[in-house]
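In structure tokens below, several structures.
Consider the two complexes below, in which subunit A is the common component and subunit B and subunit C are the respective partners.
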Partner chain A sequence: MTTTAPAALDVQHLSIRYGTGTPVVSDVTLSVAPGEIVGIIGESGCGKSSIGFALMGLLPGTAVVEADALGVGGRDMADADERDWNGVRGTTASMIFQEPMSALNPCMRIGAQIAEVLTVHSLASKKEALAKAVELLTLVQVPEPELRAQQFPHQLSGGMRQRVVIAMAMAADPTLLIADEPTTALDVTVQAQILDLLDKARRETGAGVLLISHDLGVIAQTCDRVVVMYAGQIVEEGTPSEVLARPSHPYTAALVDSIPTTHTAPRVDLPMIRGGVTDADRATAGCRFAARCAFATDGCSAPQELEAVEEGHTARCWRTHELPLSRKEVLA
Partner chain B sequence: MSIQDTVDEMAPLRPENRHGTDPLMVLNGIRQEFPSSRGRTVHALDGVTLTVERGETLGIVGESGCGKSTLARAALLLRRPTSGEVFFDGKDALSMRGGALRSHRKRAQMVFQDPNDSLDPRYRVQRSVAEPLRAAGVSRADAAERAMAALAQVGVPEDAAWRHPHEFSGGQRQRIAIARAIATEPELVVLDEPTSALDVSIQAQILNLLLELQERQQLTYMFISHNLAVIRHLSHRVAVMYLGRIVEVGPAADVLANPLHPYTTALISAVPEPEATKRERIVLTGDLPSPASRPTGCAFASRCWLATEQCRTEAPPLTTTAMSEPGSGHLVACHRPAEAQEALASGLQLTA
Partner chain C sequence: MAKYLMKRLGSALLVLFALSLLAFAIVRLIPGDPAMQYLDIDNPDPAQLEAIREQLGLNDPWYTQYAQWLGGVLHGDFGTSLTSSQPIGDKLADRFPVSLQLALIAVIVGLAFGIPGGVIAAVRQGGALDAFIRGTAFLALSIPAFAIGAVVILVNSFTLRLPLIGYTPWSVSPLGSITSLLLPALILSLAMSAVISRYSRGTVIDTLTQDFVRTARSKGVPTGTIVRKHALRNALIPVMTVVGIQLAALIGGTVVIENVFAIPGMGSMLIEGINTSDYPTIQACILVLGACFVVINLVVDLLYPVVDPRVRAS
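Now for the complex of A and B:
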């Protein structure tokens, strides 16, 4: 893919619900340019993984997906059926999962698994595909790629397995890579290697990357843009330095404050977000964070729009300009 | 922020505990070996010597497979070490049997990583929390009462006692597991990754609770985590483990702001910080070597950018160095500690 290609991802007003339940994702508009890494951050149940699965057509049949546009690598998949998705998965868009052991077939040699991505889509002959698999293993910096290609997943360490998963995801030169918590199961030193690899992958292939993580540090160090989700909605969006250093939504600010870092005083109580997300929060017409927000007033029961706080930085909070959210700036 | 600023910020909160004054538990030369295939032996713990001071939090940090959980289990005699000594409050814990062992267990309790696994799904909460008390010989009525008191301590509502674990969120379940650990009024609580299965906002709640309980009940913590930021937040002292050995130990402020072992330096540099702008990291190549074929010499040599021939052949002892703050008890097992320190000071421009 060249960088003149259409957006890697262009989602307009995506909503996802299961049956008649409250939506798990509401009105999400999201784009990823070629070569860009966009992070989605939020707690369990905020809808971030549902978005990832929706973009691969992998949601279960009970899920109702509605979107004005679901542009994946330039193809609109809003009304796609299973056959259309089969033409996209693995080629135009591919996914890197959290747990590499369960993403790999334990009974199949590494090289054959990677090659399968190419043969299934008739992109290469079996022989060419196996040669490409070794090339890909070299690209993701697996030592002794010829040997590794002959081995089975259980013979590899966790970090090596995740490299193999990335090699598979990159095999068909996709326009969009979706990485759902790709380093959560790995140690920090290996995490650093994998994040570097993702960064290298997008620079060398021009693929757009959607990085889903609950780890603010991973997002800050890796992404060009970050989207903060709460209870199925985007509540803030901008560059990591804007969003994480100058949070403009009370939820983002509370999330950033609740994490111990080298800048927080040790053995002192951390600010907490009390309670949890309820179904009532997801169903409310007003601000969904209001029930847990330290700054909520009566006005917060009105519907909240994503509005610009500065250029390229938006937040879904009508009080953002009057709130003392930026603890870091206050301290500095 | 410069390194010096960080040191000043992290002044130790209990100076009396800075250097070996009142040990609650002493681990001496703990080895834990497991038989492996083809007659090989896995040396999960390879001679660990550590002191846990009364009232402190000793943080143990290291990557998966370094032996931190094995160490926790050995310290609590959940699995007897192959060799070595465990002294608790001056007494030899490994020689305890019968009643003496049961009353010892009351004094040292554990909180596990995943409350979904550590709480019996068929027990009501009160029964789980009362179980260690019953095991220690407390009467049913007394145990019930003390279980309720422990639940109140961790902020779980009273009516929760009669419900089952599945009715609670992950954070609430971990509170219940903590209540069970403190129900016997122990002196030592070993916490094995107590927040890794939780969301960050819930993590803050649990960390705050642990600090509060420690203060209120004068608890001693051995806190095991792979998360350096969490270790730094809770610990007075920190021990860094690599492949079954302690490679660095000392006051948290010294070890984390002024690391002397290249592995500690790499670990610190690998932690992504949410507020920092993108920065250089020391990216280690490769993985942990196998504890079944432990290299001679320094175990970290295969991944270390400073390794010399000496490092590959001669295992460095854990000892004090000229770079340690005098009297701080800051020990390191490295032939070239000065260079590791320079790596951090030079802004982490290194890649291995």
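Now for the complex of A and C:
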């Protein structure tokens, strides 16, 4: 029997809105292959976290999620109810959160919290699960795993707790690992270790990883593919080297341009993208970045499609081929 | 941890000391001469008055009186009642267990209804069940216990004629003792349940919005298990304090219910003392009731590290 492994993630035309408001995510199509790390990048409020939570069925009840397909680990969850989701969460898909300090139950021992993933899905007896928890702590390089398993969260540092969260996410060998800003709350030195761990996790388990971040450095360092989001839409997609070296959407270019480098002159203000995303931007039929774009013309009010700029590299800007989108000139 | 215990114990002792001063002072500040209790109010004999004052030690400086009283209390001697000439300690030994028993039954019943009520209301937040529980709690809070007690007794006297009034001592029959307090305890627990359910509803709702609950959901833990295994313990830690205060308040705060049901408790002892200007009795009651607050709060403080590992560490 030869069947190809299903995609870790296969989302077709996903839209999310809260109540009757303007959509926070519109028409996002996204896939993650097994063993692949795909990054979603964008500023706060671009909808990237909403996507992560939607893929776990963790959005609040007021959220309206519409999708032609919401394939999580080969299961279509587009019309799933809470019971269906409980079968998927922790086993098929699991999540790593931004805030390790509050992500763990303060009144429950570390080992028991990890073991719960296995016992709640009846994958192991309580005793086996606790033994597996110690194994997992070893895997995520927590020193003295037996001791740590007996401790409570407040006895561990932030980096250590994030390792625990990762151990928990990996416990049941999920097909899809969603990491929502996993390193934002951590020291820079710990950040690299956590990213290494994610990389190790996907190599050892073959899980697909969706890495949500606002940090271009994190994305560039870790991802096989990157999706740039703006105001709820994908505006550019490709490999990190293509997207970051040859940004083809003015927003991506501006984003890249605002990173300080070793070449940045001292005491010179970094370029920044002025203003913010408004509801009007999200509702417009045309380019959503137009109001903040240095290159906007009348033609930008027409609907924009994601189009290929080169093989495996797409951008949602009709002027992309005529724009001088190299660094420095972007925000002239 | 040892430091935490010592600190709590130390502050409890300090509060008890301040309380004894306060109980002593309050009684001294009440206008009127206790010695007059023994005399014809309209025509006191000054010589007799002086003799009684001397006998009661009322002519000593206040600090001598205080030291003597406190010294006695520390040896279990609360002095002698001015009205009955009996040791107050004996009366306390009769009355206190009754009040404690009444308060404990009321708290147990209050917890039995309050916690599940609060948790269900929280889980069904905004739903019909939540509205029902909150409405019932509001009603229970707004009707005074003595009113319900009076109505129950009145209705009973016209209809079933059950023996609802009176108290069977524990020494006579433990079961009979509990059943004799069940109705008044039930009535007292109405407000108690209401307070506990409202408070625990709040803490459970608060806990359910916390990040670690979302983590549990992301592990695939079903909602019921999340509430039981993750939210409840965290949510009930602050409820413990409220229950402790309620329990302490119930021990001395049930005067009216004690009267309605003819229960010989602390509340009625205090009121009798006040009505007859029996200052040693008043002093003893204030001290004992205050000590209940201190001791119960101390017990709650000592329970914190047991239920909350974060307190254990610090």
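Here is the rule we go by: the second predicted complex is superposed on the first by the 323 of 332 C-alpha atoms of A that agree within 3 Å, B and C clash if a C-alpha of one lies under 4 Å from a C-alpha of the other, contacts with A are read in each partner's own complex, and residues count from 1 in each chain.
Note that in this section contacts are C-beta pairs under 8 Å (C-beta built on N, C-alpha and C of every residue); 3 or more make two chains touch, one makes a residue touch a chain.
All values derive from a computational prediction rather than experimental measurement.
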Put the two structures on top of each other at subunit A: do subunit B and subunit C fit, or clash? fit
Touch test for A:G159: subunit B only (first), subunit C only (second), both, or neither? first
Identify the partner contact of A:N105: answer first if only subunit B is touched, second if only subunit C is, both if each is, neither if none is. second
Could you say whether A:H313 touches subunit B, subunit C, both of them, or neither, answering first, second, both or neither? neither
Of the partners subunit B and subunit C, which touch A:H214 in the superposed model: first, second, both, neither? first
Would you sort A:P266 into first (subunit B), second (subunit C), both or neither based on which partner it touches? first
Of subunit C and subunit B, partner touching more subunit A residues: B
Minimum CA distance, subunit B versus subunit C, superposed model, integer angstrom? 7
Counting only contacts in the complex, subunit C reaches subunit A at residues 210-212, 214-223, 225, 229-230, 233-234, 307-310, 313
Of all residues in subunit A, which touch subunit B in the complex? 43-44, 143, 157-160, 187-193, 195-196, 214-222, 241, 244-245, 254-256, 258-267, 269-274, 276, 328
Going by the contact rule at the top, pick out the subunit A residues touching subunit C in the complex. 56, 58, 82, 85-91, 94-95, 97, 99, 102-108, 116-117, 120-121, 152, 154-155, 165, 168-169
For the complex, give me every residue of subunit B touching subunit A. 1, 6, 9-10, 13, 63-64, 169, 199-201, 203-205, 207-208, 211-212, 226, 228-230, 232-235, 252, 256, 266-267, 270-279, 281, 283-288
